[in-house]
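One structure is given here, and the rest of the page talks about it.
Letters A, B and C mark the chains in the order given here, with residues in each chain numbered from 1 onward.
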Amino acid sequence: MTTDTPETTASPIVRLRSVSKSYRRGGQIVPVLEEITFDIAQGEFLALMGPSGSGKSTLLNLIAGIDKVDSGAIFVGGVEITALSESELAIWRGLNVGFIFQFYNLIPVLTAFENVELPLLLTPLNRRERREHVEMALRVVGLADRMDHRPGQLSGGQQQRVAIARAVVTDPTLLVADEPTGDLDRRSAEEILHLLERLNRESGKSVIMVTHDPRAAEQARTVRHLEKGFLADAAS
Amino acid sequence: MIPISYSFRNLWTRRFTTFMTAGGMALVVFVFAAVLMLAEGLRKTLVETGSPDNVIVIRGSAGSEVQSGVERLQAAIVESQPEIALGANAQPLLAKELVVLYSLNKRGSDKPANVVIRGIGTQSLALRPQVRLVQGRMPSPGSSEIIAGSSIARRFKGGGIGETLRFGMRNWTVVGIFDGGSTGFDSEIWGDVDQLMQAFRRPVYSSVIFRLRDTALFHRFKNRIESDPRLNLDARPETKYYSDQSEAMATFLRILGLALTVIFSLGAMIGATITMYAAVANRVGEIGTLRAIGFQRRSILGAFLLEALFLGLLGGVVGLFLASFMQLLTISTMNWQTFSELAFSFTLTPGIALKSLLFSVVMGFIGGVIPAFRAARMNIVEALRES
Amino acid sequence: MLLLNIFVKNAFRHKLRTILTIVGITIAILAFGLLRTVVTAWYAGVEASSASRLVTRNAISLIFSLPISYREKLIRMPGVRQVSLANWFGGVYVTEKNFFPNFAIEPKSYLELYPEFVLEPAEKEAFLHDRKGAVAGRKLAQRFGWKVGDSIPLRGTIYPGTWLFVLRGIYRGAESSTDENQFFFQWDHLNESMLKSTPRRANQVGVYVLGLTNPNMAAEVSRTVDATFKNSLAETLTETEKAFQLSFIAMTEAIVVAIQIVSFVVIVIIMAVVANTMAMTARERIGEYAVFKTLGFSWWHIAGMIFGESFFITFAGCALGIALTFPVARSFGAQLSSFFPTFNVARETIYLDLAAAIVIGLVAGIFPAWRAVTIRIADGLRRIG
């Protein structure tokens, strides 16, 4: 396991500065993340691990720009996303982040092709260009022959591969995955992890993955542990 | 933007719910359209019954021809006015008519209805270009012969050609059938005015009807007639006379229609709201995903509103389709103001079709707007957690 | 009972949906109640009319009159106890919008034949002795703020001129169905005026009202009356007051039928709304029903839960709707008093409301219950994930 100290990395893709986040639950304020500061290098494949409630998913959501910090700042690719407005953030997400979820989160009424096409609808690409991008993305995940299937007609592993195609189709710099193998059998899980590893290695995507499966974490280049809102191995 | 097919396919996926909701809306639109069609049918019948350049003269403050009485002398004075147009043989285009109500039994049900018997003069037919003799011949003057409107011939006992009716201690033979189009004349029986006056022992006419030489002359005529102390008569353009005749009926239809529409649309909008709320609740995860991918709040709002609008439009189209069949129906009822039978049919116009569709879309919009806002306002993280 | 607890709790799991549904049912029941009340009001004249009074009119139609000389012949006919007469006057008070029925009557015999019009003895005396006197119903007097002693002008539409009457009494109805919206004055007054102005229209009677010694003889007396005047200048048509009123209603039947159809359409619409709600609810809970089945509950427990919830919602809405029908009908009746002299919610309307609620509850529950009962446990459980 190679562990770079953040300060020495030339141009980190993600920089967190004193990020804190708490939730209100049943009238009580529960701190989730406290004063987190760290960087993630360009081209990194990072696995975030930790027990449930450790704040790893919250950290991922903050980096991906779907949740708001209480204090502190987050920079992704030089943009201070914590300073963006709601709708600027939406545009930013569409261009820079690819999401992969535990339960795939495909739209059940749309075909595999249409699901992958969705993020491209936010770009100025025309119909023909979109078609090329979608076909390419589906070829990358090996599902070019299942384009017209609905999610309900695909296995779990296949659905997750469609979700990965959807995440990479806009060619984002950052892929975020929240327990991507959590709902899959071992063989499918391995396929998915190989796919992520390949995307990281061959296409240079930075990947941040939350998982509690050590086998999944093994595929990552870096593993970091969160415990009770702190990076447990920040100093290591 | 989120593709339109997303909204449509979601409706199709929840077919049962979609059709139940759209079905409820269809019924509402059906009632809405039917009431408008009824009011339009009534209006059309009345407008077409009167001709704009015809004037009808009745006794002052008598609401209708039935209540009116015009003495022979008074009728003669009216006849001598210079505003009256002349017909082909230099005769004034004017008719002195008698109008009485006659209680006639319907074919089949034997239920009585009051129909108008009109005593006509030689010019009566010429004054009503919309009336055509379609069968038989005109009654010969001085005989106990009558002709019947096609609606009478079809629906009333003794109204068909060759049949006889008995009133005024005489038997009257139907020698002809006339078609009054969709006008009120279609529910009348016509006979020679002098014969009918004798039979009913009525020494006075009910009304005097004539064509104006020029419509602009009406006010001059009206002022002269109404200021003449010998007369006590009231002159009205025929079109106005007929719309006055059914003001009460038109008002009743309007109030009923309005009340029904308000009540029904409340129910349908509640239905649409429930459906759209459920649609949002079932798809919280999807909404979260779409937002995470980078779709704006307004895209989500648009997709759900579109779904609701389409739901409303579907109901509107189905309701209008059903309502269009109502055109085959004729409503016949007693006009409260004249106590006579009034028959009119449901009439669909492009305006009504447009209004109905607009109404259905508005219902869908109002039903969908709150749930759609709820969908758009949802917090991404919480929405994703629910998936 | 545990199940009761479950379906009340279930009903309020989606508070907003349940409240919207209840409001929907309330509106539907209210609309249904009002429409039925309109129909009832339409027939109110028939309900209030008596089967032991006969009405004799000209056989041609109502606009033709009968000679006053018939009166003597009628009173001498076997089975006839009393004869009165009335002319439809058709007078207008200030404007056409103020419509109310007004008649010229022979006061003494008329009030005897219509005991449901109740007058104070003093007011009755005053009316009988004043040629230009008139009486009005309580609701009518209230509507225009008339008091005894007021002068009331009516503009004649059938009998020309403006007629001035002095209000001598205000009658009230003996029963709630009695029409308190009518106006009566002396026939003699009308006749004397006509004798002076247009003698050919004098001595004419609109309708004769006959009181019978024995109500069972109605058919027989009618036949005798009409036979007597057969082939005369004015042939008569005699029928019971009820039949006479019904013949009026029959002429506007198309409208009544339309209102009746519409009142059922309301129920169908709300049925679609509630059935939809129950279907959605059941679909969401299909996993729970599977759990109940696994725990050993039988099909009727599950069907009971769904029907219980469906009935709970429907009856809540129905009860609210019925409660609202009364005040709303009262204000409606006040608005439409010129159309409908009496506008009371009939007991049958309430029964129909309840029947409608039962049908809605049943129809709404039946499809989801069938699905919940027939679904295989494994399928149901799978839906949870």
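To be clear about the criterion, a contact is a pair of C-beta atoms (placed from the backbone, for glycine too) under 8 Å apart; a residue touches a chain by one contact, two chains touch by 3 or more.
Since this is a predicted model, take the numbers as computed values, not measurements.
Chemist: Going by average Cα coordinates, which chain is farthest removed from subunit A?
Modeler: The most remote chain is C.
Chemist: For this structure, which two chains have more C-beta pairs in contact than any other pair?
Modeler: B-C
Chemist: What chain lies closest to the overall centre, CA atoms only?
Modeler: Here the chain at the core of the arrangement is B.
Chemist: Taking the mean of the C-alpha atoms as each chain's centre, how many Å separate subunit A from subunit B?
Modeler: Centre separation, subunit A to subunit B: 65 Å.
Chemist: Rounded to a whole Å, what is the gap between the Cα centroids of subunit B and subunit C?
Modeler: Going by mean C-alpha positions, subunit B sits 25 Å from subunit C.
Chemist: Return the distance between the CA-based centres of subunit A and subunit C, expressed in whole Å.
Modeler: Measuring from centre to centre gives 70 Å for this pair.
Chemist: Could you list, by residue number, the parts of subunit A that touch subunit B in their complex?
Modeler: 61, 64, 66-67, 86-87, 90-95, 97, 99, 101, 103, 105, 107-110, 114, 118-119, 121-122, 166
Chemist: Spell out the residues on subunit B that touch subunit A in their complex, using ranges where they run on.
Modeler: These residues of subunit B touch subunit A: 1-3, 5-6, 9-10, 12-13, 285-286, 288-297, 380-381, 384, 387.
Chemist: Taking the touch rule as given, give the residues of subunit B at its contact with subunit C in the complex, in rising order.
Modeler: 16-17, 20-21, 23-24, 27-28, 30-31, 59-63, 66-67, 100-103, 111-114, 167-169, 200-201, 203, 232, 248, 252, 256, 260, 263-264, 266-268, 270-271, 273-275, 277-278, 281-282, 331-334, 336, 339, 341
Chemist: Give the list of subunit C residues in touch with subunit B in this complex.
Modeler: The contact residues of subunit C facing subunit B are 14, 16-17, 20-21, 23-24, 27-28, 30-31, 59-64, 90, 92, 96, 99, 155-158, 160, 200, 231, 233, 237, 247-248, 250-255, 258-259, 262, 265-266, 268-270, 272-273, 275-277, 279-280, 284, 339.
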